[in-house]
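Below are two complexes that have chain A in common, paired first with chain B and then with chain C.
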Partner chain A sequence: MEDALLQIRDLHTTFYTRDGLVRAVDGVSIDIAAGESVGIVGESGCGKSMTAMSLMGLLKKPGKVDGGTILFDGQDLTAMAPKDKRKLMGNRISMIFQEPMTSLNPVITVGRQVQEALLLHKREMSRTEAKNRVIQVFQLAGIPDAAKRYQEYPHQLSGGLRQRVMIAMAMVCDPGLLIADEPTTALDVTIEAQILHLMKQLQEEKGTAVMMITHNLGVVAQFCTRLYVMYAGKVMESGTVQEIFKNVCHPYTEGLMRSVPDMESKERLYNIRGMVPSMLHLPKGCRFCPRCQYSMARCFDQEPGLYEPSPGHFVRCFLFEPEKGEEKP
Partner chain B sequence: MLKYIIKRILVTIPVLIGVVFLIFVMLSVVPGDPLTVMMGEKVKVDVIERLSQSMHLNDPWYVRFAWYLWDAIHGDFGTSYKLMRSVSSLIANAFPKTLMLAVTAALLSWAIGIPAGIISAVRKNSLADHLFMGFALCGVSIPAFSVGMILQNIFNGILPVSGFSSPRHLILPALVLGWNAAGTIARLTRSSLLEVLEDDYIRTARAKGLAPVSVILGHALKNSLLPVITMMAIQISSLLSGAVITETLFSIPGVGRLAVDAINSRDMPLLQGTVIFTTAVIIAGNLAADILYSVADPRIRVEGGK
Partner chain C sequence: MNRSEVLLETRNLTKEYQLRNNFGIRKKQVVHAVSGVSIEIYKGETLSLVGESGCGKSTLGRLLMRLIEPTEGEIIFEGQDIAGYSEKQMNQVYKKIQMIFQDPYASLNPRMRVRQLIGEPLITHKVCKTRDETDKRVKDLMHMVGIRPELIDRYPHQFSGGQRQRIGIARALALNPRLIVCDEPVSALDVSIQSQILNLLKDLQQELCLTYLFISHDLGVVHYISDRICVMFLGKVCEIGETEEIYKNPLHPYTKFLLQAVPSMNPEKRQQREHILTGEIPSAVNPPSGCRFRTRCPYAKEICKTKEPELKSFGTRKAACHFAGAG
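For the complex of A and B:
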């Protein structure tokens, strides 16, 4: 994709632990066009959050980006001075986190926490202007009594309201890219639907691109146009949501889809056998093969490349290697 | 808020009465005759009889306790057996010296302890961190009497090592007390700040694009100082109630010295007076800590107001 807003190329993020190197993100490439919403899906520990943290420069020690490029608007974030990068963060790129209960500072009013981002990035704005703008964004984010809520502390707000405050904080500078790291995981289902609806609405109004990190395929189906499935630090399958849901290729994606509960079915819920491998002791060959029901001998010692069974649809699995061309059983 | 404070003050009254009672009983059990302390051994029998009568010494302990409590409510804590002056005036005389020493030591310890703790947390495991924490550990673990004597030895001839007649006399004892307090404060600030820096809202603040200095001063510090405020209040109240060892070592006529002298001469009214004074100061310190805490932490403020 040439007109991509965000172009992650061959990103490597490694944690230098005492027990050895943990390659949390291992050669990931992701493209997001302006205004597009892209889902990153996978189990816990697959590297989806770490990809976002690498992008935002929020990695905790001993984690380090040690390879690849992250181009945002043509600028390489990995090569940027921290000072210049901070000018983008919270301004052109912003992020919503999974835990609304703990992601706000308990001793500062929510209004001031949102206003802070505005005063930091829009220097020309006066305090009063900034305050009015925050109240306006609170209203956009569906916070009732916005002017009153402005001076309340996080503990006075419910989880759903706090997540709306986080969204307001992320949207207040009209970013080009919003990273949402499991924004609804900690919320109950009705609030989840409201929050997703709000994000969709804001995204359409402002034309913001969204990177939606989730383990919930339902959220992806509802929210995203394209999808990356990650497993053990690698992208396993990518393509449009329509294509992947219609024509799922990778055994792992297939397993994820079959693990979604179905109200009509009386059958026992499917689960992918085995566990996510320890990142310290990754299997040789394909990382998914010990859990894969289609695994072949070669899967255990060779790593599959990315193959393209249909245009724009990429799969990291030998079953889709062109010359073999065989259909899966 | 006002209601909360009044409630807290009312609660302290039974605590104070209980403390007075305990001290009274304990000191009544201690052997020793106050009249011997006052007059020496060669006193006429009729004088002893007359004085015992007027001082209620022949009454049972509960009657004497009632008398004591009654007088105490009226601000009279008795007369020192040894010094023959009222206990209240003795404490009122000694307290300003203790106050000056306590305030100097406390300001010294905060001015050094808090920044040292912040630097140690931010530059964890750096040379500065090890240096500060080494000093803090010494301050916390070396007892005041040895620090005091070492300083007296080193600075003998440069600074006054005993007495209390000029501000210069304050320097060494304030250093002894301040070093200890600063050590505690620095260690607490460091560990608390390190904990807060791991919190999710720090990640949010960084994601906003704030510079590391703004993240620490604007977002982490206020949260990390909450336990430190409590520690500061406890420290200042213990300093205000008289630093027994330091005051004795440097011959400072403060409340702590008064208590030591009272013990040495079995001067029960004076000892009772100083212990009750200490209790009152510590209770006031805890109250101040609670109030400050609720000012700093909005989560407590709301619950207290309800």
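For the complex of A and C:
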């Protein structure tokens, strides 16, 4: 994509542990256009959060980005000086975390915590202006009695309200890209619906691009326009939500979709056999082949590339490799 | 399935927690965790308790196991009121009621081997006399839940989350119970592992004629596993009845909103704005007067404020709303 706001190219993030190298993110490429909402789906340990952490520069030792580029607005984040990066984070790129309970400071009022982002990034703003702006954003985020809530501490708010504060904090500087790491996983369904609705509304009003990291395919179906399915550090399938939900290609995505109980049928659930491999001992060849119901002999020693069965829909599986005859020279 | 035989019944079961101040002196406030719940669990069925956090579903499950002492009410299991049983008497009941817990990491003792974990109930209840007998039964159980019996001498940390949950299930099955209380058994697991455990629970039910009380907040999972569901809100039952009927045509407004709030897997069906429930769950310390749902209910009228709705029957179903069935 030419006009992408965010271009992740062949990103490698490795953890240098005592037991060996863990390639948590292994050659991931993701594009997000301005104003687009993109879902990153996968089970625990597939590298979806690590992709976001690498992007934000929040990796902890022994983790390290050791390959690839992350272009945001044409600037390479991996090569940027920490000082310049700090100007970008929380300002043009911001993030919402999964746990609204642990990601707020318990001894500072929520208003001041949100205000901090403004005072850091918008130096020309006075404290009073910043306060008014925060109250305005609180109202936008659907927090009732915004002026009163401004002075409250996190423990005085419910989980749903805390997540709204997190969203307000992320949106206060009008970012171009919002990374939401499982923003509704810790919330109840009715609150989840409220938060998703709010995020959608803010996204449409402000034209913010959203990277939605989740394990819930329902959330992706409702919220996103495109999605990337990750497994063991690699993108297995990508394309538009419409296309993938209608015409699923990769055996893993298919298994994932069929193992979620939906509310329409009571058919026996499909099981993906086995379990997610340890990142220290990945199987040779295709990473999914030991669990795949269609695996062939070559899956066990060759790694499949990305093939494009239909325009814009990419699949990492030999089943979709174009026939030799058809291949263009 | 035989729906005539009631295995367990609660009558007006209530649990209230006394709030105390920092010096341990009683305050006037009381947390109404479970208020006057009367439900029946039939033999061989799966009854699911559904609701959001704080609705009292887990408290109810624990009350049935007597892990929490009820404030008021009766628990009738196989014709006997076990609410007043002593610890010694309860030990006999625990042969017939067992529990599967939510967190497979916290519910297994990290210093015990699988042999001890699954074998412990067999020894304490003197089901198996000799060591060989115990080992044989443990291996049978491991086979039943899909763990290779060779792994009998491993510790919990050597297993993945899904396998640990299988060990938890084997432990619950060890005494051949009639009723298993499953408290969010799959919510800590990944999607692909979740489906394996759900299918295992279903197979075991068929094989061993088990009855499940299944506690969950995931409406998709509940639809898949249960015969009947019971929707709770703030310690009270809103609606109880056959799963299919409730999912097709919910009578209580809360059930309706709950079902609509679940993000659908079909991208064509994007949520409409009017289907979103506003507000948050009220506090269980000061529940609203009358109907407890009225502060969030868009259809609330004057009567909802003053009069508490009773659980009324509509065919095979019961719902607690003044306007249920009125359209």
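Operating definition for what follows: the second predicted complex is superposed on the first by the 323 of 329 C-alpha atoms of A that agree within 3 Å, B and C clash if a C-alpha of one lies under 4 Å from a C-alpha of the other, contacts with A are read in each partner's own complex, and residues count from 1 in each chain.
Quick note on the criterion: a contact is a pair of C-beta atoms (placed from the backbone, for glycine too) under 8 Å apart; a residue touches a chain by one contact, two chains touch by 3 or more.
Everything numeric here is computed off the predicted structure, so don't read it as measured data.
Peer 1: Where does A:Arg298 make contact in the superposed view: on chain B (first), on chain C (second), on both, or on neither?
Peer 2: Neither partner.
Peer 1: Is A:Leu269 touching anything from chain B or chain C once the two structures are fitted on A? First, second, both or neither.
Peer 2: second
Peer 1: Applying the document's definition of touch, where does A:Val260 land relative to chain B and chain C: first, second, both, or neither?
Peer 2: second
Peer 1: For A:Lys284, using the defined touch cut-off, is the partner it touches chain B, chain C, both, or neither? Pick first, second, both or neither.
Peer 2: Neither chain B nor chain C is touched by A:Lys284.
Peer 1: Quick one: chain B or chain C, who's touching more of chain A?
Peer 2: Between chain B and chain C, the winner on chain A residue contacts is C.
Peer 1: Please work out whether A:Arg86 is in contact with chain B alone, chain C alone, both, or neither, and reply first, second, both or neither.
Peer 2: In the superposition, A:Arg86 touches chain B alone.
Peer 1: Is A:Arg127 in contact with chain B, with chain C, with both, or with neither (first, second, both, neither)?
Peer 2: neither
Peer 1: Between chain B (first) and chain C (second), which, if any, makes contact with A:Leu58: first, second, both or neither?
Peer 2: A:Leu58 sits against chain B, while chain C stays out of touch.
Peer 1: Given the touch rule stated above, what does A:Gln222 touch, chain B (first), chain C (second), both, or neither?
Peer 2: It touches chain C, and chain B stays clear.
Peer 1: Check chain A for residues that touch chain B in one structure and chain C in the other, and list them.
Peer 2: In the superposed arrangement, which is not itself an observed complex, chain A uses no residue for both chain B and chain C.
Peer 1: Under the stated contact criterion, what part of chain C meets chain A in this complex?
Peer 2: So the residues of chain C in touch with chain A come to 52-53, 160, 162-163, 190-196, 198-199, 202, 217, 219-221, 223-225, 247, 257-267, 270-271, 273, 275-278, 280-281.
Peer 1: Help me check something: in the complex, which residues belonging to chain A touch chain C?
Peer 2: For chain A paired with chain C, touching residues are 43-44, 158, 160-161, 188-194, 196-197, 215-219, 221-223, 241-242, 245, 255-257, 259-263, 266, 268-272, 275-276.
Peer 1: Mind listing the chain A positions that touch chain B in their complex?
Peer 2: It is residues 56, 58, 83, 86-91, 94-95, 97, 99, 102-108, 113, 116-117, 120-121, 153, 155-156, 166, 169 of chain A that touch chain B.
Peer 1: Within their complex, state which residues of chain B touch chain A.
Peer 2: My answer: residues 199-201, 203-211, 218-219, 222-223, 296-299, 302.
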